[in-house]
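Each of the two complexes below includes subunit A, the first together with subunit B, the second together with subunit C.
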Partner chain A sequence: MMPAVDASLRSDLLATSRPGGWEPVRVAAEARLAAQELPDASQEDWKYLDLSPLRKLSFRTAEVASPAPAASDIPGLVHPEMMATRQVFVNGFHAPHASCATGLSPGVRFFPISTASEACRLLGTLGEGAPDFFEDLNTARFTEGAVILVPQNVRVETPLHLLFLTQAQDGGTVPVVFPRVLVILDRGAELELVEEYHGEGTYLSCPVVEIRVAEGAILRHERIQRESLDAFHFGALRAEVGRGGQYHSRTVSLGGRISRQGPRVRLAEGAEASLDGLALLGDTQVADTHSFLHHAEPHGTSRQVHKCVVDGQARAIFNGQVRVAPGAQGTDAQQQSRNLLLSGQARVDTKPQLEIYADDVKCSHGAAVGQLDPDELFYLQSRGLRPEDARNLLTYGFAADLLARIPVASLRRALRHLVLARTQATSLGGLA
Partner chain B sequence: MLSIRNLTASINGTPVLKGIDLEIKAGEIHAIMGPNGSGKSTLGKVLVGHPSYEVTGGEVTFDGKNLFDLEPDVRARAGIFMGFQHPIEVPGVSNAAFLRLAYNKKAEAEGRDELDPLEFDDFIREKIKLVAMKEEFLDRSLNEGFSGGEKKRNEILQMAVLEPRLAILDELDSGLDIDALRVLGDAVNKLMRPDHALLIITHFPRILETIQPQFVHVLSGGRILKSGGPELAVELEERGYDWVLEEAAAGDRR
Partner chain C sequence: MNATFSGVTSQEYKYGFVTDIEADSVPAGLNEEVIRLISAKKGEPDWLLEWRLKAYRHWLTMAEPEWAKVTYPKPDFQKIVYYSAPRAKAPKYASMDEVDPELRRTFEKLGVPINEQAALAGVAVDVVFDSVSVTTTYKEKLATVGIIFCSFSEAVKTHPELVKKYLGSVVPSSDNFYAALNSAVFTDGSFVFIPKGVTCPMDLSTYFRINNKDSGQFERTLIVAEEGASVSYLEGCTAPQFDTNQLHAAVVELVALDRASIKYSTVQNWYAGDKDGVGGIFNFVTKRGLCKGKGSHISWTQVETGSAITWKYPSCILLGDDSIGEFYSVALTNHKQQADTGTKMVHIGRNTKSTIISKGISAGDSSNSYRGLVKVQPKAEGARNFSQCDSMLIGQTCSASTFPTIEVQNRSARVEHEATTSKIGEEQLFYFQQRGIPAEEAISMIINGFCKDVFRELPMEFAVEATKLLSLKLEGSVG
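Let's look at the complex of A and B:
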């Protein structure tokens, strides 16, 4: 029998209007959905992520928020650098009054997916591997999201901001949003993209991001998951990086009661990728990252640093799969999973997974789970910092280290402030 | 200011200090010299409360107070500072933010006004001139990726910010070229005041040409074998350590 969550998640699929010419893709997703249920621990990929809280809820499609919240009301969400290059979505609907795209470089397109044309025929076709339950749900029923197109050899100076806000009233059924994003960088194009999620109350957010970075193009992608602490977030990302192209992403996960990131990146010959992650968890939060980096062709380079700071009874999961395909000689892949446990009940499950089918490669991985380094603590104490301040400062430093290279200054500052607050380091004053 | 009586200490159960006696008064510069592995660094680290070392006997007072009653951070705020031989790297924490934090924690303890970021900016700009540090090092993470010499420069910068009454400098010259050593030595001299004291720990006498001690002690095997004035450092430069060790051994046999 189909679990209740499935029933309510599937129920109003046909009630919503569906944009675009993606019927074949949607029908295929629907067919797969019909044959599967909400994942449970019997599936290897979901072994550590307990979705039973979802089974107790019933869901509905989110409705237009009225009045729509203004992004300017929420601290740290307005970035002066991106005032004229942003698209804002509230409860899954495009919010034209909160958006502004007047600052785009010539030829660059950044628009709601509901107004997309055949230019978006790539949607649902990018990347490799079978979609999971939540990705199929998105494909079957997304109604809104964003498309970004950067033409050949255009280097976009101003970063783009993609903001998804969700506001849920507590009690009753739980609203669901399915943000959909398609990013196409033509040959030699260059772009910096900030993708941000924020919300209030209990809701389910299932975004899917598809990316094509063509030959020699460069995409820098900051992904900020600041969902409400009562929310559920299951995200999928698929990126294809062409010959000599570069894809650099950094995912910061702060919110969500249960959250999951599932980036899958395919590298062509000589392509480069970095796939960094930071999860800051407390209380009973659970955050899972299942990543797949595929060196499909020779001479690719990948770097992955995944950090988790886990407090309270929270739990972090990292499964980092790196595949070097047969013939992908000269691959250079490095992965590091570093985890800081701040309480006796916090937990981390980390699993690097290297699958190497070529012989002339340089691959390394490492995983560390631990407490703060006593030598570092003593060094700070020897400069007059109280033990508690020293601990908070080191915890902040461990996390903030990953933010240092975010090129958008206001975003970097906002995130440092959030990390300061989460590491109780605010009392130290003015560090950010 | 600092009074050490029959101090013994061990690491992992192995005795390293075997009965140290030393008096340091305000205005004095002392040098502790000795061969490698003699216990010189241990003495410094024990004085600032490094957790790896266990004090097994003896007594140390600072301003008449039992030093071992004070946690390391309390000792620091009371005015004791150690410039380490191998300073730790702390990624993610900017050097400037850390320096301001350390300054403000001490100011708070002394009932002085704390400095806001703008005030501190002016303050620190003067201090980095003293150690000839490039401004870019303020924005970098604390010691991260610094060369050995840059770390030493940063240690003396911290000393300049905290203005400790008792500074213990462990192997300041290691990792420094001759010009950098002169710059940092001059900086240390400028920071010295009549109510301050210095304890220089060094293997090589070279640094003592710039920072000139009134008292020189030779430490070996966890004991001070010989104490003297600056002329002792000159003699050590000329003759090495062996003769002191032999003299002490002969003394023991008598």
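Let's look at the complex of A and C:
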């Protein structure tokens, strides 16, 4: 029977002792976990995501990797712009030898969460809505992660880099990591943050990111999920954006056998948010994005473009909810879900949702699923491109569009190379 | 905004009256005995009784659906009267003059063109009055081309083989909670059969009307169009004003064979409850069309303005290659009304096409949701869908939601969905008023413009009615 196996993920992890600190939020999360099973298709939010591969595995919390991989070993993970502003975590543990925080602007703090004092009381309190199973797992068992504090009116010039590496030996129980990140931008602060996940082997990664962007502050957030193709990744993100604040995020999902992103963003009066996403999927990968954008107060603006390129027998899922609260007049919200199906067995399920409780608003959403435009293919062929190259170039163009505005040049280049390789457009050369 | 719109009074429900006819009812409540009684009263064959009982037994295992964005007190199914028939003063009516005068007055008040007006209007009307067909007109004229248009019970008697063949073939008795309930207790409805190659010479129409207090109406409609046949079917609804909620759980099944075409149009104006949400009809309807044949075509057009709660998703199963499904909808909610309506387009055959145009207007404290599914199955090569769902909000306390779901399993499919939300702008109104058009008329014109894509799909007389209906329903709410 399912529940016996199913209980393993929960019981394997809850059997371990409770880490110190943040007692009240951990106890609450454990209580919620005790009352729920691993989600299944009978729950509307998990209808399209089949978690049965997880049910067949047993889990353990990850231990220190030996020898620890160095970030420099992995191409595309070292960004010269952020050499002196990065924190690296390996298998859920802080890796001091690979980290460096000497390049921080005065007043800015960027440190491992295990060294945080109780001053980080905001942890576990930000954002809205009930946490899901994996978020609760994180809250109950996380031991490490990062805290970022930017004081009032400080504009941080150098971007910060957060890198989570996971290495798992194949066979036996599956290690689980629980990265936890807390980002607080005080009034008028400004920051660019790069959050990156990378790994090898079969493991489960359940990160939770909590963000507060105070009045007039601006956070630009690049999120790169390059987990191993055998890994599972279930991420939660909660952001609160204060009056006139801005939160711009871009999530690029390339890895993971099964992955899910669950950003929830609350906008106060006049706040702005963009929540873009790109998923490049092949083989039997499944990637799910469940986003919730809440215009809780008037005059907020939001933009969301979510793109999926699906090849092989892969499957992309998008469920994007935009809610305009009663009284949130003057809201301007736009959402787009665009999907490209490259193979006969690929599959896309998309569900953009608008819930509007105010009348003086401008809201729209759109969803499109299709293949490459035959006219465009013909045009490129008429210019001498081989059919194969024309297809790859158009696929690359569809995907790379979202990378163009990444401000960190080395990251932008690295991602373009990855996308080029994935879309087999490398032979065209010189595009990145 | 307030100053511009204020001073217009609310439109009361125009058709709120109760006809006093001694009804021939079974006691309230639901069990196998009641189902046997209904079946016996209607003189049904055994297979149909068995079909009902099977549906009932399945229904007992089902739970009422909770996923729709509507809240209402759950109906007590043991308090509903499942059968009531107007007592016949004569077994058969030779002409309209013999029909109960009380009943005729009801139809006159409703404006049903049942006598000479019917001829002028060119409409054959099969009037369903509290579950039993009272009279059928134009039957002979239709019979000359081989069309069968009669009440469902009559069809069971005269064409059992057709009913047996198609009943439940599109909406199985176990399909969903309300469809199962309907399958168990349905009392009457309409049956249409268009034989091979025949184009129905006139629009077919039936008026549904709930009359007996506490009698839920469980209609069953079955329309079959054989190869190359085509038909346009019109359904219009009004109901008297009651304070207790009435349940309406109809099932409509359409079957289109090769190159057949069925157009099904509805104007729904049942009692929506008063301004405070007291009373009103619960409209939980299952409507589905099966494009069974190659090149078949099913088109749903609906104008939904009534009912306290609407739960309705007219759908198309595009099974035949090159088949086409269409859904055109205007849903208007006001005061405390709640509507959760939309469509499902399931692409199974090759080169199937579907179009969805949905216009939602919410005013007052109402809630209006579009919920749709476009599904492209792995073998549906070249499937194409276009959906557009626009919402208009009038007032600060209403809500509009859009829940489209798209599932694509074939890469050659093209599926597009667009949705927008808007309001009637002060500048638009100012422009009209500056041209000498009063605010109220301007609003009506803007709304009609908003709904134009749907109205032009309606047969002419319905389009006129629908236009008036929207203006009436919105009077007083725009403030």
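By definition in this document, the second predicted complex is superposed on the first by the 411 of 432 C-alpha atoms of A that agree within 3 Å, B and C clash if a C-alpha of one lies under 4 Å from a C-alpha of the other, contacts with A are read in each partner's own complex, and residues count from 1 in each chain.
As a working rule, a contact is a pair of C-beta atoms (placed from the backbone, for glycine too) under 8 Å apart; a residue touches a chain by one contact, two chains touch by 3 or more.
Only a predicted model underlies this, so the values are computations on that prediction, with no experimental measurement involved.
Asker: Examine A:Pro387 and indicate which partner it touches, taking first as subunit B and second as subunit C; both and neither are also allowed.
Answerer: first
Asker: May I ask you to decide whether A:Gly397 touches subunit B, subunit C, both, or neither, giving the answer as first, second, both or neither?
Answerer: Only subunit B; A:Gly397 stays clear of subunit C.
Asker: Thinking of the overlay built on chain A, is A:Tyr379 touched by subunit B (first), by subunit C (second), by both, or by neither?
Answerer: After superposition on chain A, A:Tyr379 lies in contact with subunit B alone.
Asker: Can you list the subunit A residues touching subunit B in their complex?
Answerer: Contact set of subunit A toward subunit B: 373-376, 378-387, 389-390, 393-394, 396-402, 404, 428-431.
Asker: What does subunit B use to touch subunit A in their complex?
Answerer: Touching subunit A: residues 48-51, 71-73, 76-77, 81-82, 84, 87-88, 90-94, 97-98, 100-102, 104-106, 109, 116-117, 141-142, 158, 162 of subunit B.
Asker: For a test of understanding, state which residues of subunit A touch subunit C in their complex under the given definition.
Answerer: Interface residues on subunit A, with respect to subunit C: 44, 326-327, 329, 339, 341-371.
Asker: Sort out for me which residues of subunit C touch subunit A in the complex.
Answerer: 67, 376, 378, 391, 393-423
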